[in-house]
Amino acid sequence: MRKTRVLLVAAATAALTLAACTTDEPTETAPEDEAPADEGEQEPEDSGDDAADDEGDDEPAESEDGEWFVRADYERQLAQRDIEPEGPADQPWLQAIEPEWVDTSEFAQEENRTLCFSNASVSNPWRVTGWITMQQQVDVFTDAGEIDDFQVSDAADDDNQQISDIQAFIDSGDCGALIISPSTTATLTPAVEAACDSGIPVIVFDRGVNTDCMVTFIHPIGGYAYGADGAEFLVENLEPGSSVLALRILPGVDVLEHRWAAAQEIFADSELEILGDEFTGGDGAQIKDLVTQYLQRGDVDGIWMDAGDGSVAAIEAFEDTGNDYPVMMGEDELSFMRKWEETGMTAIAPVYSNFQWRTPIEAAVKIWNGEEVPAEWVLPQEPITEENRGEFLERNADMPSLHYAKFGGEDLPGYPEAWQDR
Amino acid sequence: MTATDPGRAAATSTGTRLAGLAGRLFGGGGPTVFALLIVIFALIFVMNPSFAEPPSLMAFLKAAAPLVVLAVGQYFVIVCGELDLSVGSLVGAQVVIAAALIDGEESRTVPVLLVMLAFGALVGLVNGLITTLLKVHSLITTLGMMLVLYGAIRLWTGGSPKGALSEAFRTAGRGGIDMPVVRQLPWALIILVAVVVLAIVVMRSSYGRTLVATGDNDQAAMFAGVRVWQVRTSAFVLSSLMATLAGVLIGGFAGVTAQVGQGLEFTAITAVVLGGVVLGGGRGTVVAAMAGALTIQALFTLFNQMALPSTIRPAVQGVIIIAAVAYAARERAGPGAQDHAPAAPPDQNPDREPAAT
Amino acid sequence: MRSGTRPTGMSRTANRVADVAEAPTTAIRRRLGTTELVYLALLGVMVGGAILVALQDKNLFSTANTVEMLSRSSLLGFIAIGQTLVILCRSLDLSVGYVVALSSLVAATTMDGDPARVPLAIAVTLLVAGGIGLANGLIISVLKVNPFITTLGMGLIIKGYLDTEYKGPAGAVPESFRQFGYSRIGFVPVSAAVMLLAAVAGILYLRKTRTGFHMYAVGGNAEVARMSGIRTGRVMVTAHVLCAMTAGVAGLLLAARFGTGSAEVYENGYELESIAAVVLGGTFLMGGRGGVAGTLAGVLILAELDTIFNILQVDPFFKDVLRGVIIIAAVAIYARRRLDVRASRARFGGDGGADGGPPPEPPPRHDDDPARPHQGGVR
């Protein structure tokens, strides 16, 4: 009996010590070295998968530069930021960067104008905002007689549920077109392929899938560009040798991992010191607690975040501990934008274009009308900077916090009430 | 409770005796948690001496306050033999309710606080009545409540929080009294101390003894004239009120985010169990439960001070929790199981004495 | 207080001994009672749902909707069958969600796109899952750690491993194995057919094998079970191993459906959902009564509700509210029935304590019950 007890103490101590041992490494080498390390572990398992599934499509990883870093994609996205998109400048949701137009006449029809939408979830404010915009856009087309019925299923972030949802849409035979916002890239691929095989036009947006069977894949430039916008800003605005803390929501989500992979790439070439990268779940209390602890250990000069959720809590940690404001990467979420203006801190608001929620509806109607759409519909994705911050704040003055500045629904009939009373 | 068993002290090693002493010093409870708390704090101090400075400690306690408050609430429920899984959802719901109803208007702060208290009490009452009168196991009752709250709040707000908190509302969790040595004495700490004192007073009162007795053996309590259903229902109400208070503190500390409160129920239950309080009731002290909460928070701080890669933290946390509880189980079963301790009455382990007395 | 306790405790024990002796007949009779009720509820949900769906000019029992309902049920079905076993033993498993995630990754990475490696991958996956169940069972029965904490901690350990080791989906499942997730025989998806087979196996296991039968005894009263010569620890470990292995099968199914393994599925809360399905199926959370047949109905009820909600376009958040209410309501009804049953069985000498008593059942004492082996002997 006593032996067990001793063993238990030993186990606990070992756990603590082991934990203590691991520390020294990451503190010194941390983020820069992480990517190569992953590469070694993950590559063999992954390359086969991608070689088989991923032909020509660019979203998924090729795993040559680490699981979440594909240099070709990274470089293309960074370049796309400087390309002038085609299309009307006042309707960014209809713009496209380097579009490759495809003929959709085979899907042209008037009979079945039931639009089906398999949504991953509405579990965060970004998705809630976009979802409202999408419904408003649907109303416009319903009134115009372009859409007869709009059927939606919500998978509540459950991949398996979403596969069932998609199957149910296919089996029901009701859908004239199917829009899918996948909850995870790799796992939804077979279901999307099955949807394509059923013969109805499939439109994928936001996160991608490892296939190019859909008629169009709509997305803003992407995660690498988002992460790079923030990282480049920090590098430019911080003295060499400054320290940066990276706050991340959760591991394993491709859109978020790409942002961090790009940031790591840029930080590696800079003289900034990365204090650590922490997962916060986007929870303000955790963010504030973590940042406070980092401030107890030493200076934090810059904050990089893979999404703006809780950025105000991070800023407050600096206020409450009496530290100077950091150089900050937020998002075009209004509570951050307002805090930014109020404090006058040096910051940037990268944008993961929320107006993309309008585009799939537009695309579906175009496809039914036999109009051309881009095979890969890359929407512009431009960060909000100090110069145009005022303009966006003014435009959204009556909008609640947790609303996204570039939601792009100002011309829709339900504006502004629909977004105000959620 | 350690003090009541003379056979135990001899069997324990010096280390645990020290911890046991600490346990007694702090008002009883399982010695394991105090030992663990001391070890973790020692490690933190070694790694980062500046953590011992008052402002850092204040910041630690400010961040720990909501979890300690939740642990107190959870303790009331657990010690009388139940479980409350709805507290995490309730914390989230309360913060969202506060933001939506206050909507940035300072003048609405107090009325909204009253509404929140009423809502918290109502949730606790419903939990309690379903559990006691409809005989639904509390794990199911509160699991159902967790789903209902999660869904209802999002149904009401359309999925993400709306409105804004007032500055006055945020004071409790964020503000404090400016002071020389500690820089700022957080209101959260003052509230925390008040909760601690109240909890100890409650557990020493006849109500507290009834609570423990009910968890220990509800049949016996019933024969002794206790209205078991009333006692348990009141425990649920207390738990929900504590969750409301925790919501006020968390909302004040960090403002509104969509994820607020998620998973807190499991952290709170872990804290209480880590404090040596037995799931199933009748054993353990409220002080130890609070120490459990501090231990968890200190563990998170330690991970952070060690710059432990954040992906591996849950694993270390899991190992430590299992090991600590296993160790405590040894501690409890130890002498009795070895030599059929004659002192132990057949149906009752000495530890199951109402502990707060 | 203590003197008041002792006689009750003793007479309660005496009754439980009697209870175990008459268990074969009464246990089955009682189980049938609740199970019938659950199937009636399933029927009610189907009829009510069909009417609501018909109001929208749709057919709930169309092939498409039946297929959907069945394929929704299979994943939760596997997990809930295993969960039933541990709950019958008065334990529970909060790590199943993480086991599912880990299993999907182990399966997909072992297969690595090669059809020839499928059998190997299945074996490895079940072995890994079983190993986790073994660890759970041993920690609970040997180290006397409360199952709630054990499996919560185990879940955290697996989460830490997954987050560190797999930063996203990994592995590839060959086309042949994907059939497990996608193909169907008539209107029955293969996965649902396998799940139904597993359920039948579970029912037979609990009714016909000694270990299965002992699970009821351990859950009813571990002390009495031990006194009647049952190796309670071994039974507990077996239940946990089987539970983790069914979660492993669920992981295999996910790998087949995803075409890859995914760590993120642990976010889906399968552990609480499976517990909900089990109690919805009439299994008593405090152990000792219930069974896989009821669980199957519980799973089908949840899947049917999901299908109906989907057809009716119910707001996803409203679904959560309804689910919460339905689970509480169902368990309240079972509890009421149990009280009635006991009242009518007064002639057996009113086994108050064992049944939940007028006040809620004295809650789980997993950690201290087995910790006091001397207890029964002394008496």
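The letters A, B and C name the chains in turn, as written, and every chain counts its residues from 1.
One rule holds for everything that comes next: contacts are C-beta pairs under 8 Å (C-beta built on N, C-alpha and C of every residue); 3 or more make two chains touch, one makes a residue touch a chain.
Composition by chain, UniProt nomenclature: A = ABC transporter substrate-binding protein; B = Autoinducer 2 import system permease protein LsrD.
These numbers were taken from a predicted model, which means no experiment stands behind them.
Chain centres here are means of the Cα atoms, and by that rule the chain farthest away from chain C is A.
The interface with the greater count of contacting C-beta pairs, when A-B is set against A-C, is A-B. Between chain B and chain C the centroid-to-centroid distance comes to 29 Å (mean Cα coordinates, whole Å).
Chain A and chain C have CA centres that are 36 Å apart. Contact with two or more other chains is made by residues 4, 8, 122, 251, 279 of chain A. In chain C, the positions touching at least two other chains are 143, 163, 319. Shown for chain B are the residues that touch two or more other chains, namely 159, 309, 311-312, 316, 319, 326, 330, 337.
Interface residues of chain C, counted against chain A in their complex, comprise 63-65, 67-68, 71-72, 75, 109, 112-113, 142-143, 163, 165-172, 178, 181-182, 254, 257-260, 262-265, 267-268, 306-307, 310, 313, 316, 319. Against chain B, the residues of chain A that register as touching in their complex are 1, 4-5, 8-9, 11-12, 15-16, 18-20, 22-23, 26-27, 30, 122-125, 127-129, 131-132, 251, 276-279, 281-285, 287-290, 292-294, 296-297, 309-310, 312-313, 316, 320-322, 335, 400-402, 421-422. Per the touch definition, chain A reaches chain C in the complex via residues 4, 8, 38, 41-42, 45-46, 48-49, 52-53, 67-68, 121-122, 151-154, 156-161, 163-165, 167-168, 171-173, 184-191, 194, 251-254, 257, 279.
On the chain C side of its complex with chain B, the touching residues are 1-2, 4-6, 8-10, 139, 143-146, 148-150, 152-161, 163-164, 272, 275-276, 279, 285-286, 315, 317-325, 327-328, 331-332, 335-336, 338-339, 352-353, 356-368, 371-375, 378-379. Across the complex, chain A is touched by residues 36, 39, 43, 48, 50-51, 55-56, 59, 63, 66, 157-164, 174, 183, 250, 253-260, 262, 300-301, 303-312, 316, 319-320, 323-324, 326-327, 330-331, 334, 337-338 of chain B.
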